Structure formats: structure tokens, C-alpha cells
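Once you scroll down, you'll see the structures, which are given as C-alpha cells.
Note that subunit A is present in both complexes that follow, paired respectively with subunit B and with subunit C.
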Partner chain A sequence: MTSELLKIENFQISFKDDEAGTISAVKDLSFHINEGETVGLVGESGCGKSVTALSIMRLIEKNASFTEGKTVFEGEDINLFSEKEMQSIRGNKISMIFQEPMTSLNPVHKIGKQIGEVLHLHGFANKTNSIEKTIEILKKVGIPRAESIVNDYPHQLSGGMRQRVMIAMAMACNPKLLIADEPTTALDVTIQAQILDLMNILQEEYNTAILLITHDLGVISEMADRVIVMYYGQIVEQADVRTLFKQPKHPYTIGLLNSVPNIDSENESRLTPIDGNVPNLGVIKSGCPFRARCQHAHAKCHEENPPLFKHESQYVRCWLYDEQGGIV
Partner chain B sequence: MSSYLVKRIFTMMITILGVSVLVFMIIHLIPGNPINHILGDFATEESIRELEIRLGLDRSIPVQYFSYMLNAIQGDLGTSYITGYTVVEEILNRIPITAQLALFSMVFGSITGIVIGVIAAVKKNTIYDQLAMLLALVGISAPGFWIALFLILLFSYQLNIFPISGYNGFYSLVLPSITLGLGTAGSIARMTRSSMLDVIKQDYIRTAKAKGAGVYRLIFRHSLQNALIPVVTLIGMQFGYLMAGAVVTETVFALPGLGSLIVSAISTRDIPTVQGLLLFMAAMIIIVNFVVDLLYTKLDPRIQYE
Partner chain C sequence: MNQPLLSVKDLKTHFPVKKKLFNKGSHSIRAVDGISFHVNKGETLGIVGESGCGKSTMGRSILRLIEPTEGSIVFEGREVTTLDQTNLRKLRSKMQIVFQDPYASLNPKMTVGAILGEALSTHQLGQSAKERKKKVENLLLKVGLSHTHIGRYPHEFSGGQRQRIGIARAIAVNPSLIIADEPVSALDVSVQAQVLNLFQDLKETLGLTYIFIAHDLSVVKHVSDRIGVMYLGKIVELSDKRQLFQKPLHPYTQALMSAVPSLDPDIKKNRIILTGDVPSASNPPTGCSFHTRCRFKKNVCESVAPREIEVSSGRFVNCHMYDNEYKRDFN
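For the complex of A and B:
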């Protein structure tokens, strides 16, 4: 029996803009993550994935306002926590790795010090044993010569090594939830595979839940148990990974899958990209935000934004599935 | 590193040589001559001629320059026309005051500037930020003699806390150091602010936040060292302004340092003293900047000299 670790309820995130006023980046977002589960959050740039991740950690920029929503983590709404309480959760129970390993480490501190800091902050090490523990963690993430790497500076390491260091830092306190925001995007393909492997191994060992944010469906198919597809700040489809790849329902998901090359496909058909571009945030006021790029758009799509329909185990936000399922 | 040091020391010597040529030329371009000054208006032709020969001023300028430099390399900067002491003695007598003044004002200016800059950056676009930047602007814009007079009026005349002028231990250096340090503080505050704002936006600060670091740890452990790299360059460059400022400050506060020495030497056309002092100050500025360059490697491990 898996239990629910994190539950996001009705996230509304908006940004204040001097010209356009308030721009809504995420609308009515709800999902959950079970213990030890990997949930993939997919979507094009600007769909609100990273903002969602940052707001779970309450690391969102100051000009963003979080109008509504609950972040229930281990049964408590951490949005109500004080900044101090939040600091004791960050890097400890919930940790995060980022897209850019090249710039995500402090250039003037040694690797050992940067990992030691997170251990120290959360009481996992004291001054005498922090180097020892740091070396242990570095070895665990597959860094060779860990004893000498602790005395290196970030610029002396390659991108892949730096991402390993980031993972070491994120996993140092044995977190319940790891948020990985495009962890492999900046790395080349062979390193990508190694990093994903590493995440899988660590997840099994520590039973850590992973929220994997990416635009790369290949990464999702390899890693995720369940997938959430986001478009224009809202969930358009949610399903377990097999169902999503076998029977995508939302026209956007179908479009995404069609725009990825498939080595198994027998007919060497051309890739079909989704027509048009993601509209700028704040432009679409009513109706389904995907309608302009959708082949199936009809009158109702222009009038009203569809709710999330439940269709068997799948959730889909599209009027095409109106009669088939119940509204969630 | 050692080949870098050799290269740097070599270029430093070339620079000082260039400065010496410039100083020599400028001094001989200044109207007025030391003979008139020493002998007065009623000197006879004969005594003028005699003094010229004694001071070596009868020779051509290039010859004078070479003999001067030959002595300078051996540590002899000549003898003052007026006091009869050697220039080296004069400098050694007066350097403690100027060195203390430079040190105190540097420390005061750097600490105040960095603190104000950090506050302004952390409290960006608030009243604290605006107040801090207004203060910095005043520090940069207000002329030294004005600040000096203002401080004397307030702290010496009205409140009677510090002496008005003259040198009598540490207390007499407090107001001059503040006077001299305010400009430095202003420039450093502005640089620190913009540099901090730049660093705060960096990805590694977000990482530190995600690790659970608190505000103070973010500012002092993670941002400041990165933000100080350009500030240290500025501190090095400020040393030159400090030397120039010392001239005004020491004169206003009647401190017997190098700055007031140079003023009196110029007004009495005491060529050896002026020359020696300018050369000495230029060398100090060059050396300080060299030390600052070496400091970089301590602040930023990415910088390595080869």
C-alpha cells in the first residue's frame, strides 16, 4: 500500500507585470505524489512546470504571488509554515536539482564544503565527521577519487560530474521527495543516461519520490510511473506512463508524441509537429487554450475551458471526452 | 605563478621608470625656480650662479635626470633645498601619519561601503536602498575640504569630541580618516550593491536556498565573497585617490604627513622633495594594485596566474 507523500491542491500562481498587470502562470493545479513514486511533469517551455516546482519549495521569485493553494506534505500544509520551518524542510525532506549544473554550484566554495553545508544545516554531520560523510556520499553518486574531489572547486569538474555533485547534495539528507527540474537537459546523451540511472538507483535505495520535470518524453518513458502533461499553466492530461504512451487522449499529448521520432515505427513517416506556438501567458482569457492549435476544435472549445474529465484511469481536459467520463 | 611574479615585477619597474620621466619633466615645466626662492629677490648674479652649480641645476635636463635616477636606484632621493634633510629622511619622518591615515580611511571606507552596499542590495527598491544610495552619492560628490570643515564644525567645535587639527595620537586621525574614507565608502557602496544584486540572481544562490540556507547564510556565506571580487579591484584603485585626497585632508587638518609635505615642497619649489615624494607615492599605488591582483586568487579560485 503506497501512501500519499505530497498533495498539491488548487495551485494558482501569478506574476505581477508592470505592463500587463497580473499574469496567471498556473491555474487550478492539483496533483499528488505517492511515496517512492516517480511522477513526470511534461510540457513545453513556459507551461508552468518550473514555477510549480519552485513553489512547492516556496522558492518562487518575489514578484510572483501565490494566490491560492495547499501544499500538503506528509499530512501538513507547508504553505502555512514559517520561513524558518520551511528552511528545515528544504534540502532535508524535500530537495531539488536544477537544469544547469554549470551555474548551480557556488564557484568560490569547494565541493566538500558545499555538500558538507547541507549535512551541517540539517544536523546530519558535525565539524569532525562532515568530510568523511561527504566523501561517502560522493562515492555513492559514482564520483571517482572522492577524497580529492572534496577539495576541488566546481570549475575543475565537468558538467556531468557537477550534476552528480548536485545529486549528492540533494540526496545527502535522504529526502522523501526529490524535485528534479530538467536534470539532464544541459548534459550530452551518454551522460544523461548515467545521471538517470543514478537517480533510479538512489531512488530504489532510499525510497525517495521523484517529481521529474522535463520536456523530454524519452526521459519520461524511462523514468516515470505516472505522467502529468501541462499546457498553458494547467494539467491537460494525467495517466500512468504506459497508458499515456499507448493511448494518449488529449490532442496536445497526441501531438507531443507525434513530434518525437520513434525507432520502432515501421513506416518511416515524417514527424508531425504541433502547428503554431504556445500562446503568451495572459493572452487567452476564455475557452480552451489549446484550441488554436487543435484539429478537433469546435464551437464549445472557444466558449468554455473544459474541466478535467476522468476517463478510466486517465484524466483529460478536453471536450472530446465530455460524455465518456465524469468530471473530476 | 613565479613566472607571473617575475613578469609583473618587471612591468612594475618599467611603470615606475615612466612615472619618473613624467615627474621630472613636469617639475621642470612648473614656472618659478628654486634659486629665487632660496636666495630671495636681491641675490647677486654671482651667488645665483654659485648655487646653481652647487645644486647641479646648471647641467642639461637629461644629464640631471640620469644622475638623479642613478642615485635614486641606490636609495638616494637627494636632499631638500629647504630643510637640509635628505628626502628619504623626510619621507620616513612623515610616513607613519600618512600610512595610518590611508589605512584607517581604507578600512573605514571599505567596511562602511560594503555594509551600506549589502543593505541596499538586500533591501532593493525600499526606502533603505534609496537612503543608502543617497548617502553614497553624497560621499562621492562632496569635496574633501568641505566634508573636513563640516566634521570639524560638528565634532570638534560644537561637540568637542575630537581635536580640530594637528597630530596628537589616534584621536587626531579619526576625523581625517572619515573625511578621506567617505568618498571611498560611496564608490564601494555602489559597486557592492550592483555586484550583490547580480550575484543574488545567480543559480547557485537558488541552490543554496534549496539546501535550506537562511537569509544571513545566503548573504554572507554565498553571495558576499562572489560579490566582493569586483569590489576588491575598486578598493585597489581607490588607493590612488586616497593618496591624492591625503594632500587636501592633511592640509586642512594640519597633519604632518606626506600630503602636507608635498604641498609645502611645491610652494617652496623644493624640487628633490617633490620629485622624491611623487615617485614614492606612485610606487606605493603600483604596489598596492599588485597586491590586490594577488588577492583575487584568494577570493576567486577560478583566477590563476601563470
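For the complex of A and C:
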């Protein structure tokens, strides 16, 4: 039996905006991640996936308010932790890698110093052996010439190498959970393959759970065990990876899958895109936020936002599945 | 036999690098380093490659937005590289470009009507302001926008709509060739599909020819008839799309294809992981520029640059493995 590592309960996140007042970015978000599992969080820009990740780490900006919700990590609600306690968890038990490694590495410090700092801070190394340990970690993430790279600055490395350094830093303390926010989006596809491969190897070795945030459905299909689809700050569908790709249920998930050209398919018919655009946050006050782009929208969709319905092992936020399953 | 709409021969675009005080000898970045291909009327040629392979520079060199260093570009039977500015401007109404970033390529201080109207008046299309306005309204309809958008500024549109404006500007002057440089990579997937369909529709209704440049192999596969794969300033493989995907020949193409994640969780690809990064174009490897990452590398690859081999009709590959002279080295 796998045990639950992280449980998000009922996240509500909103931002204050001078013009529009309070804008709700994430609503009623609940999910869990088991030990050693990879959960994919997929959605288009503005759906709230990155804000979710940042709020797990309690790194959201000052104008954001985290009004409600629990983040239960290893049985404890870390939202109640003091900032100091939180610091001992960040980079240690939960670590994070970001899309653009150049902006998340400090440009004025050498690679060795930056990784050494993490090790030092969390008591994995002291002043004398931190460089030695850093080299060891860099080798583990497949960096050639690790002995000389520790003396390099981030700008001297390529994008793929920088992302490896980020991963090295994130994995330095053998975290239980790695949050990867679009880790390969800025990389070329052959470099992406290297990085995904590396993440798989490290996960197997350390049994790290991964929360993989991306807009790329191919990456999700390849990496994730379970998938959560977000739209307009809400989970619209959740299922294991096979079910999601073989039997998607939510009209948005179906639309997304139909929008992507499939490289393995011989079928070259036209794509069937989703009509319209993602609405700006705060515009839709009631009803299902997807209704304006949905072919199946009916009266009820305008009146009330559907709850998550359970349909066998799948969760779907859509009135189409009202009678078949019970409300969660 | 029909003449191709565009044929490019041995195109080279080199950027000089500033000499340092004690560093003698000129030095240049060979962004495009000897590319030859042709595009037939009505077809879509996809150009795929990773960042820094020179695909955008190539697109711009064909339009002479960047002056090519060497080579010939023949468009509709006329040599482009020797045209003077007046004739070049005339020619540009026949060859247009759509850029990746619709935020950066539209003037934020001009309304949509003014942006499109300028394209028309530059090329003397439409006699009066009234006539031009009518044309602009028509253009907006063609790209799926409405005539009510005419007075709005670029920032009032979403990314997808902005790209539609970029496309409208390109088709405004009735071009026969459009070079689309990563036109959908800044867009979300649901919107990306809308824009791809628009490209397809316009191709059919206006009889356009495209050079479609992108890094996303699935997108290139979806839109193209033929595909050229670029690596470090060269086209390493050029082929009909179906043949290319059934049996990629060049080791780089093989690796590139295997690296694309599949949408089917049941397909576990036999991935060819390329080691290392793309070498710098200012100091490309000797011989075959891919040899530093190639799993089939032999001694000859380090010293001799591969020739272009036509393995079957219309199918070209730059690799010693397919060259009769060196074939035996690889057995």
C-alpha cells in the first residue's frame, strides 16, 4: 500500500487587484500525491497551476491571499508552520525546479557555492566537504567535467546544463517531493528528453514523488502516473494517465487532446480546436467557466458551477456526468 | 516541367564577430552555412530544427531582411540577391513573413486598421482611403476577426487574435509565398490549433505556398508536405513528409523524432538520447557537424564534411552512411 505524502485540501487563492478588486485564481482545489508517485498538473496559461505549486511551498506573492486550505505534508499541516520551520522544509523535504533556470540561479555566484549553500543550510555538508559533495551531486545529474563546472557562473552554461544544475540543487537533500514547474518548456526537444530521462532515474533511485506542472500533454503522457487537468483555477478532471488519454471525459480535456497534432498518428485530418479563448480571471462570476467554449453547454451550465463528479476512478467537473456518478 | 516557385542554392549567412585586440584572423558565426532547396507552388515546406540551428536566419535571409553572405535565391524566375531596394520592395509584396511573437511584431501605437492599411498603401493596393478600409474589413473577416476590431490596438487582443492580425498583414498584399517563423509556438494549445487551421484554410482559398519554420516536430508534421531538418546551419535531411516519418535516415533526425514525447501512454519509445549540447555555430565541429553527438560516428566523420546524397527521388540526406564512397566504413 502506498502512503499519502502530500494532501492539498480545499485551496482558495486570490489576488488583490487595484482595478478589478479581488480576483480568485484557484478555487476548491484538493488533491493528494503518494510517495514515489508522479502527478501531472496540466492546463493552459492562467489556469492556476503555477500558483498552486508556489502556494504549496508558501512562496506566493504578497498581494495574494491564501484564504483557506490545508497543505498536509507527512501528516502535518505546513500552513501552520512558522517561516523558520518552513525554511527547513524548503529545498530539503520539498524542493522545486522552475521553467527558466537562468532566472532562478543567482548570476553572481559560482555553481559550487550555490549548491554548497543548500547542503550547508540543511546540514548535509560542512564547510570543508561541501565542494566535494557538490561535485558528487553534479556527477549524479550527468554533468561532465563537474570539477571545473563548480567554478563556473550560470551564464557560462547552456540551458540544458543550467536545468541540470537546478535539478542537482533540488535533489541535493534527497527531497520527498519535487515540484517541477514546466521544467523542460524552455529546452529543445533532444535536451528535454535528457532531462526527463534524468528525472526518471533520480525518482527511481530516491523514491521521490514528483508534482509535474506543464502545458505539454506529451510530457504528461510520458511521465505521469496520475493527471489533474485544471481550467480557470479549478480541477476539471482527474484520472490515471491511461484513462485520461484513452477515455477523457471533460469536454475541455477532450478539446485539448484534439487540439494537439499527434506525431504518432497517420491521420492528417484537420485539428478540432476549442472555440474562443481562455477567459480572463475574474470575468466569469457564476456557472461553469468553460461553458462559453463548450459544445455541450446547456441551461444548467449557465446557472451553476458543477461540482467534481466521481465516475469510476475518474473525477470530472461537468454536468454531463451528473446522473452517472455521485457528488464527491 | 514546372519551375519551382522558389529555389535556394548554397545560401550562406555569416555574421562577423568583432575582433578582439590581440585576436587576429577573422571569425564569424556561420548561422546558415550552405543550404539548397526548392519550394513548389502550392506546397508547404516545413523546416524543423532546434534553437540556434539557423532556421530563422534562413527564413529572413530569403526575404533579405538579413543580407545573405553568399548563394542564390531565385523567386518566380528572378534572382533576389542582386535586386536593388526599389525592386526588392516590390518583390516583398509577393513574399511575406509571419513572426513568432505577435506582441513584438505589431506596433502597439497603431490600430489594427492602421497596421493593415499601411501594408496596403506601401504596396499601392487600394486607391482611396475608403477602398483600403473596405479591404481591411475583408482581411479581418478572412482571418476570423470582425470588422468591429478595426479601431482597436494590439494590446486589446489575446495572443491568438494578435497572431491572426499578423497573418492578415501578411496576406494583405496578395503574396504567393509566406514564410511563417514559429507562428504558433507562443500560443496555448487550444488556440494553436485554431491558428493552424487558419493557415490551412488560407492556403486553400488563396492558393498560398508556405515555408513553415518551427521547432515542434508534431506541428511541422501536421502542416507540411515536405520537411527539411536543420542542424547547425545545414539541412541534414530533406524529404517527403511520409517517407521521413516512416524511416528517418539521418542519425539526427532519428534522435529528434525519438525525443518527442508520445501522446499515447502505452507507447514507450525507444529513445535515442543525444549526449551533450548543440555545438556553437561560431566554432562548428570539423567534418560532419553532428559527429560530436552521433552514435554511428566513424573516423571519416571527423575530417570530411558529408555530401548531399539523393537516396531516392527527392529524398536528400547529408550523411556518410548513405554515401557509396564511405558506406563500407559503417558496416
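The rule is simple: the second predicted complex is superposed on the first by the 326 of 328 C-alpha atoms of A that agree within 3 Å, B and C clash if a C-alpha of one lies under 4 Å from a C-alpha of the other, contacts with A are read in each partner's own complex, and residues count from 1 in each chain.
Quick note on the criterion: a residue touches a chain if its C-beta (ideal position, glycine included) is under 8 Å from a C-beta of that chain, and two chains touch if they have at least 3 such contacts.
Since the model is a prediction, treat every value here as computed from it, not as a measurement.
Following the overlay on subunit A, give me a clash-or-fit verdict for subunit B and subunit C.
fit
Pick one for A:124: touches subunit B only (first), subunit C only (second), both, or neither.
Neither partner.
Go through the superposed model and pick first if A:206 touches only subunit B, second if only subunit C, both, or neither.
neither
For A:191, is the partner it touches subunit B (first), subunit C (second), both, or none of the two (neither)?
second
Kindly classify A:81 by the partners it touches after superposition: subunit B alone (first), subunit C alone (second), both, or neither?
In the superposed model, A:81 contacts neither subunit B nor subunit C.
Considering only the touch criterion stated at the top, classify A:155 as touching first (subunit B), second (subunit C), both, or neither.
A:155 sits against subunit B, while subunit C stays out of touch.
Considering only touches as defined above, state whether A:219 meets subunit B (first), subunit C (second), both or neither.
A:219: touches subunit C, not subunit B.
Using only C-alpha centres after the superposition, what angle do subunit B and subunit C make about subunit A, to the nearest 10 degrees?
Computed angle, apex subunit A: 80 degrees.
As a test of reading the superposition: which chain, subunit B or subunit C, is in touch with more residues of subunit A?
Comparing subunit B with subunit C, the partner touching more subunit A residues is C.
Rounded to a whole Å, what is the shortest Cα gap between subunit B and subunit C in the overlaid structures?
Superposition on chain A places subunit B and subunit C at a least C-alpha distance of 6 Å.
Okay, in this complex, where on subunit B does subunit A touch?
Spelled out, the residues of subunit B in touch with subunit A are 202-204, 206-214, 221-222, 225-226, 299-302.
Using the touch definition from the top, list the residues of subunit C that touch subunit A in their complex.
50-51, 158, 160-161, 188-194, 196-197, 200, 215-219, 221-222, 245, 255-267, 271, 273-278
For the complex, which residues does subunit A have touching subunit B?
57, 59, 84, 87-92, 95-96, 98, 100, 103-109, 117-118, 121-122, 153, 155, 166, 169
Quick one: which bits of subunit A touch subunit C in the complex? Just the residue numbers, please.
44-45, 144, 158, 160-161, 188-194, 196-197, 215-219, 221-222, 241-242, 245-246, 255-264, 268, 270-275, 277-278, 293
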